[in-house]
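Read through the structures below before going on.
What follows is chain A paired twice: with chain B in the first complex and chain C in the second.
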Partner chain A sequence: MKGKYFAGIDIGSTMTKVIIYSEGIRGQVIGPTGPEHRHLANIVMEDALAQARIPFEAVDYVVATGYGRINVPFADKQITEISCHARGVLHFFPNAGTVIDIGGQDAKGIKIANNRVVDFVMNDKCAAGTGRFLEVIAETLGVNIKDMGPLSLKARNKVKISSICTIFAEQEVVSQLSEGIPVEDIIAGLHEAIAGRAFRMASKLKIEGDVVFTGGVAKNTGMVKALESHLGRPVYICREPLITGAMGAALLGKELVEKAMESGKAIKIKERKLTTARVF
Partner chain B sequence: MTTASLHGFAKARKIYEDRGLRARELKAEGKKIMGYYCSYPPLELITGMDFVPFRVQGSINEAITKADSSIPTIVCPIIRSSLDMAMKGKYDFMEGFVTAHSCDCQEKFCRIWEHELKLPFHHYIDMPHVVRENSFEQFKEKLIMFQKAMEAYTGRALDRERIQQEIRVHNRQRALVRKLYDLRKENPPLLSGAENLEIMIALMCMPIEEGSIMLEEIIQEALSRGNGPGEKDTRLMLWGSPLTETNLIQMIESLNAHVVMDDICVGTRHYWADVEATSDPMDGIVKRYLSEIKCPRTFRESSSTFEEEMESRFGYLKDFARDWHVDGILLQSVKYCDTHGYEVPALKAYFEKIGLPAMYLEHEYTMAAEAQLKNRVEAFLEIIA
Partner chain C sequence: MADKEKTKKFINRLKSRNIVRPMVNKMYAEGVTAANEGRPLAWSMVNWWEGDIVMRAMGVTPVYPENYGTVCASTGMAQKYQAICDAEGFPTHLCGYSRNHIGYAAEMKKLGKIPPDAPLGGMAEPTFMLGSGIACDTRFKWFQALRQYYDVPVWTIDTPSYDHTEDIDSDIHEHNIRHKVKELERFIEFLENLLGKKIDMDLVEDYLENQEKVFQLWWEINELRKAKPCPMHSRDFWTLMVPGYYMTYDKDALNLYHQVYEEVKARTDAGIGAVTPEKYRLMFAELPPWHSLDFFEKLAERGWNFVVESQGYHPPEPMSLKTGDSVLERLTRWTYWVNVGHIRKAKEKNYPLFGPVQYYYNWAREYQVDGFITHSLLSCRTATFWLPHAANILKEELLVPSMNMEGDIVDFTVFDPDLVLKNAEAFEESMDYHRGERKRKGLEW
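Then we have the complex of A and B:
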């Protein structure tokens, strides 16, 4: 597939990620989805195109994924984040058997066998146990989300967080703070609670093979450690755990085009025009 | 608007949208309406006593506001919603109400209904949960009690000939429903799963013979119309708890899939089996309602091995899947349904064994979080593509 370009765009609840792929990653951009940026999926795409030094017309196929995928007018196809994450993970870790993804508003487990998704589980009904939960608590604690992981590693007596509801957990944290419990012990307790939830969810799949941890929460070293201790084995992490969905989207697009070419069928694509995406 | 001028699909749609419409018309003409719950009260006995049977259902479109004063929120949401509708007067055309001990929830439901609604006639059929030699005798006794209760209430006797005649009327409707289902063996199917559910629900809210005429019209229409559901990649079967609206199926069919077959009680479970002609017609009714309806509420004595037991419990689903060219099965259940929830592990094991992809899909009765449900179904479709 020399000279062909494939774009994957993953519109998550928190972050929008774009990959431009052509025999390797040519462009990779991560931007916020947030309320003030809701119309800017195309800008993230433009940044990625600039990195790849190609005009949008040069892209052969665009696949959108993530919960905002239906609102990408310039995508040729929509594919769920389950299939895209699995495909992206397989690119980086060909022996992956289980994927645990914790993003801004959901957590999921994906089971892979023979390079295919065979089963999945999801918690997508409530913020508890997601990245958003950590963001809310970080704000309450006055800690930058990026510092949560390193701080938690300093904990000496991690606390027990008994509430799974974000609001109640926040109250619990406030009262622990007022009792003078060190912030790092509280954060370690939170990581423990979320990792436990993710582990129990993924266990429904009967965890097998290499476990790969993806999504923004995989950037949190404290979470990685907590999850590993539940699993009793190391987890694999991509250099950039946010982009597996977009990567998978680009690769699945490439495979669709290849398949169409093999069978001699034409593949439908949209007019190459970057219009404002509606996310909400 | 009346239903007199309506036929076929349009009539089914109208009655589906306004479940009590036909019943109210009939009541105004002096007919008596007997509400029933679930697929277990034998309809032959109800129509034999000149009642028009009306299947009581809940509605996901109606927020539960009144029933919470009666039953707590941890119980079956469909029962809560049904009671709520009744307490709001949506079923005020009913003369009586019959339930059977189909799932355990319904054991208490009839009395609660009686307490809250105080209709002139209430009856609860305490049917057995097992299919053993003596269960048939026991069930027959309960059905005779039901018949006697209706006879005492109406002052009219129900004789054998009349029961036999009713069996023929109901069997004719069942045959027509099976014929309707045959139209979805085609690819693309000649009607959608959502249309099919609309028709099933409408049939349960109107007189039997009138329903059969409507079915004949629908079959003709489906065969001759050019605008069926069109081409899609995946053919699904839907198993599980009762559906009172088409929303779930519509959501599935908004994706690249047809729902071509079902195993739900507002579908095949209600209509599939005929009543056999027996010298005492009650024996045929007993056999059909106790052992031929394939609902997880019934415990069937297990065979020696797990494999044999699975085959005898779920073999019919394999046949459905083969005959309707099914690519995957959605095991759907409304939250808080024990009857269906306990069946899921065995079903998953069975489908894994026979190599048919299956996914468990749990939903809120109100279809809250529909986007998330849709995402799951979409992922399932990608997996089996």
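Then we have the complex of A and C:
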């Protein structure tokens, strides 16, 4: 597929990710989703196209994924984030057997065998156990979210967070702070709580093969450590753990085009324009 | 769900199902009429027929609060009654049906009459309540709790624990039948004392004969659903189960199932499916989201045909009756058989023996399903406990994958249909994969 370009756009609850792929990554942009993702999707796409130095018209196929995938007006096809994450992870880690993805507002586990999704499990009903949980607590603690991982590694006596609700956990943390418990011990306790939830969720799949940890929370070194402790094995992480969904979307788009070409059938491509669509 | 937004239809529903709605309306109307005319009315738990036939033979009109929970859920009234139940101080994790009914009863007590907006005319104040020991303790505790509103007699028909493998290997089976017959005799005695009249056992026998014909037909209809494509969707099953659950004594129920049989048979012979094209054959466990049944249309749009479901709602498989049994023995054998017959079948075929899992293991093969949808319920332990085990066994032994959806039978606020639809595409990928694996490993489908 020399000379052809494929775009994958993953609209998550908090971040939008775009990959432009043509025999390797030509453009890669991560931007905030914001409250109106239809409005921002094209802006993130434009940035990625600028990186790849191609106009939008040069893109042969666009696949949208993620929570906001239905609302991407310029996508040729929508594919579920579970399929896209699996495909993206396999690109980076061909031996992956299990994916644990913790994003802004959901967490999921995906089991892969023979390069395909075999099973999956998801939690998107409760903020506890997601990146949003860490954001709320970081704000309460007055800590930059990027510092949470390194800080937690200094913990000497991590606390036990007993609340399973973000709001109540926040109150619990305030109470612990007032008791003079060191911030690093509290953060380590939070990581332990989230990792425990993720582990229990993924265990339903019977964890096998290499475990790959993706999503924004995978950038947190404290979370990685806590999850590895629960799993009893190392986890693999992409250099940029946020982009596996977009990467998978681009690659699945490429494979669809290849398959269509092989079979001699024309693939349906939209008459698309990179324009803003708004709901508000 | 309460939301009455029109959903595009993709399920080819049976025409004969239209007979059911008037029958259900009649059931509730008869309850109110009986109370107005001073005849005995019972609030009854589903008792798998044994109590119903006895009550009918005693001139009692039973209405069923569990069924009323499904009615209130589908009409959107359940939220109101659940809110009343919450305000009465009952915890929100109780059975969804019980919360609906307790809220309804509290409202009726407060108003001093049937709430004017009660669906299907409501349920009048009962003469007594009949609990059942089958399935879970809630189904007699809930009526005990209701006595704070309506201090009428509460009777419970006990049942032995029935999911024991030992039951089929020893004389425990016959011991349990004797125990259950005794329970029915005591129930009859209770009714005779309460109502001041004697039971007509000939009438019991007449009703039982009708019931046995209903069972046979209802079972045969479900057998026809093994055809590819499956001619009858689970939505029709959940509609058509009502007469088979509550009206087996009634000739109208028998006539209904005759008509359903003819329609399903005609479809089977003509190769007509309930969903076209039938891309995937699904099995559903256990209790459905009564508030959101239209949601299955959206899955049907994807080619998902639900071909078998809800083991607790199915009729008993045919069985050989013992000659010389009394009418009560015969009656209770059916009730017992619906709970233990599958254990015997599983044992014969060397299937994994664990509660309701056996049904699904058996059905997955017989109906050749591609996927298993489990509905884990926030408010029902009985219908949820065994789901993970069933899912694991099906995947490991039959290479049938599962997808879980969390929700509730009555409370639509804890069900997220969008999430299920969002994941449907990924589940199709899993079903495709396992279809290939089954073929590769030489399974029949």
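One rule holds for everything that comes next: the second predicted complex is superposed on the first by the 272 of 280 C-alpha atoms of A that agree within 3 Å, B and C clash if a C-alpha of one lies under 4 Å from a C-alpha of the other, contacts with A are read in each partner's own complex, and residues count from 1 in each chain.
Just so it is clear, a contact is a pair of C-beta atoms (placed from the backbone, for glycine too) under 8 Å apart; a residue touches a chain by one contact, two chains touch by 3 or more.
Because the structure is predicted, anything quoted here is derived from the model rather than measured.
Once chain A is used to superpose the two complexes, chain B occupies space that clashes with chain C. In the superposition on chain A, A:K204 makes contact with chain C only, not with chain B. By the touch criterion defined above, A:R116 lies against chain B and chain C together after alignment on the C-alpha atoms of chain A.
Of the two partner chains placed by the overlay, neither chain B nor chain C lies in contact with A:S152. Looking at the shared chain after the overlay, A:I82 reaches both chain B and chain C. Within chain A, the residues touched by chain B in the first complex and by chain C in the second are 79-80, 82-83, 116-120, 122, 124-125. The part of chain B that touches chain A in the complex is made up of residues 369, 371-372, 375-376, 378-379, 382-383. Listing the residues of chain C that touch chain A in their complex gives 388, 395, 401, 404, 406, 416, 419, 422-423, 425-427, 429-430, 432-434. Against chain B, in their complex, chain A makes its touches with residues 67, 79-83, 116-120, 122, 124-125.
The touching residues of chain A, counted against chain C in their complex, run 79-80, 82-83, 113-114, 116-122, 124-125, 204.
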